[in-house]
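The chains carry the letters A, B and C, assigned in the order they are written, with residues numbered from 1 in each.
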Amino acid sequence: MFFWVFGFLRMGAPDVLWRPGMRGPMQAVATELKGRRGDNVLFADISFSLGHGEALVITGPNGSGKSTLLRILAGLLSPDSGAFALIGEGGEPVPVSDHCHYLGHRNAMKRELKVSENLAFWQSFQRSDSGEGLPVEEAIDRVGLTGVGHLPFGYLSAGQQRRIALARLLVSHRPLWLLDEPTAALDARSDRLFAELVRTHLASGGLAIAATHQPLGLDGVRTLELPGIHATVAGGAWA
Amino acid sequence: MMALLVRDLAIATRSGGAAMLGVLFFLAVVAVIPFGIGPDLNLLGRIGPAILWIGALLASLLGLDRLFQADREDGSLDMLVMQDWFSLIFTVFVKSLAHWLATGLPLVLAAPLLGLLMNMGAAATGAVMLTLLVGTPAISFIGAVGAAVAVVLPRGGLLVSILILPLAIPILIFGVSAAYAAVTDPDPFWPPFMILSAIALFFAALGPVAAAAALKGASD
Amino acid sequence: MSDTTISQGWFTSLANPTRFLALSGRLLPYLATAAVLSLLIGLFMSFAAPEDYQQGITVRIMFIHVPAAWLAMMCYSVMAIASIGTLVWRHPLADVAAKTALPIGAAFTFLSLLTGSLWGRPMWGTWWVWDARLTSVFVLFLMYLGLMALHKAMDDPARAARPAAVLTLVGFINIPIIKFSVDWWNTLHQPASVIRLDGPTIHPSMLYPLLVMALAYTLIFFTLHLMAMRNEILRRRVQTMRRQAAQAIGGGA
């Protein structure tokens, strides 16, 4: 996060889409993001602005950098250039790390611990000041797995595990959801359940950015297609 | 952060946990020494403190590679690294502390039993316990750096030991010399023990910061 | 041919966990009563036995120490037989027997090491020596702990069964080494004085309390082992039921 904040200050980038003193609900602003893996530029010039209750679906072929983009947004990777900022209700930037949920390919749950222990841990670990999350039992109900709380996470099937991973987003409230292949291992019915969860989140003023191959069944979402340029940096380190 | 401590301790003690393995390894390593050098009780009593310290050092290094790797495998590490700097450093500190409670503290508690087997006197055993109580946390804290550096490697276990052993040598030197000073008469116990304590405090401060930096760099 | 089928049928019916639970449930009260009674009689006889003219009152440690050492070895033998059952018949009950005997065996081994150490202090002037008998029993203790760690390391008991069985059988080499260590090597520990080809060399006034204590220990072992096996069977049933419950919730997926 540290590196990123410094990069952000140096760039002074948000001025493009955000003027100091502007008031309003939370906004997510990406400015000319450029990401690469090794010497391959995966994407460049990615700019978007998401407001209150809006969602962005990132599509593109394999290897086009969807996961890389999401990890950059989450602050896990630093962009080659460009910046991403969350602008709070007061109009000033807020740290992304404290205001977003990142759901990666893996579920971030311990097989040895009970489902409820796992969720309770993330609830207290990812405490947020932007509002209260659901109680653990209620979050489990919301993903349609009422009664699994007392079972070790390892006992669940792959689809059930993914749904519990989604329940993590509910136990502590954070406005921005960053979802990397959220519906992997989910069947059609759970797909709809997931779409419902995202709709509820958006309706309450949240933001969501999801990378996925599958249609999420959400209407009124914007789409960002990564073309998957495989340009090599001219004069790159080993060119 | 209390939740993290409780979670890590719960994982270590549940089925599949590594809490007992370190002590067993300690027991086994120290038990093979008499096979190697013969059952001369006087000799064993003389080298006992050093053997116990080396055994404890190796046993502490044993489970270190899993410190962050387990969290990386299930994706939890992303959530830990996503925090701001201060929280991440504190997170590493708490995880190292949990690791020490699960693997280091049992070594300290097992030391008297092994002291008996090595024919060590009460004073020597007490001194070894006291120095281990101060020294093993230092190994866990500095070991966190190696664990963080090796987190992306699939077979990081050996590498962690290779990376950390040189850094742990000062701990070993002052731990063993304090333990010997307690039993050999003219040598004072407190100076080496104070230096050992200073090293432990220094590593407790340095280790989490360095490990946090390594984890930030390793998240790709 | 018909003989083997009958014996197999009888064996499987006994090895059926439900049948085992019912049978062991009926047997346990008698076994436990016999164990307590024989222990009381054995303790009484141990304290009534004359003091040794050389060792004085410390000789009474023997009545605790020697049967514990015997049981440490017997328990491992039971595990080895159960391990053969696991490998040959692949019956889960054999694995249950081997697994649940572990902590009991470790406890008896620890008891024999502890009492031996307490006995050695006044007799040999040291808590511990690295002679063949003590060392081989210590190795047995480490093997018990290692096997326990192996079982603990796997969250699915069925997967731990066969590796643990193989390791148990390999470790059985240690049992004859313990038994004959006092004959093969020149050690501080006294040689066998009860189980010998030419009959016991120990005086009857000490032999009888020792034998009663050995009987009591054996009964205690079987009582605890049956109880532990019942618990393990129930524990595995709970685990299976929880897995099934997990499948049933929310349409599985």
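Just so it is clear, a residue touches a chain if its C-beta (ideal position, glycine included) is under 8 Å from a C-beta of that chain, and two chains touch if they have at least 3 such contacts.
Keep in mind it's a predicted model, so treat the numbers as computed, not measured.
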The chains touching both chain B and chain C are A
Between A-C and A-B, more contacting C-beta pairs sit at A-B
So the chain most remote from chain B by C-alpha centre is A
Chain centre (avg CA) closest to assembly CA average -> B
In whole angstrom, the CA-centroid distance of chain A from chain B equals 37
Distance in whole angstrom between the CA centres of chain A and chain C is 56
Residue ranges of chain C touching at least 2 other chains are 155
Chain A residues touching 2+ other chains are 111-112
In chain B, the residues touching two or more other chains are 15-17
In their shared complex, chain A is touched by residues of chain C numbered 155, 242-243, 245-247, 249-253
In the complex, chain A touches chain B at residues 1-3, 71, 74-77, 95, 97-98, 102, 104-113, 117, 120-122, 124-126
As the complex stands, chain C meets chain B at residues 117, 126-131, 135, 138-139, 142, 145-146, 148-149, 152-155
The residues of chain A that touch chain C in their complex are 111-112, 143-148, 151-152, 154-160, 163, 185-187, 189-190
In their shared complex, chain A is touched by residues of chain B numbered 1-4, 6-7, 10-11, 14-17, 73-76, 78-79, 81-85, 216, 219-220
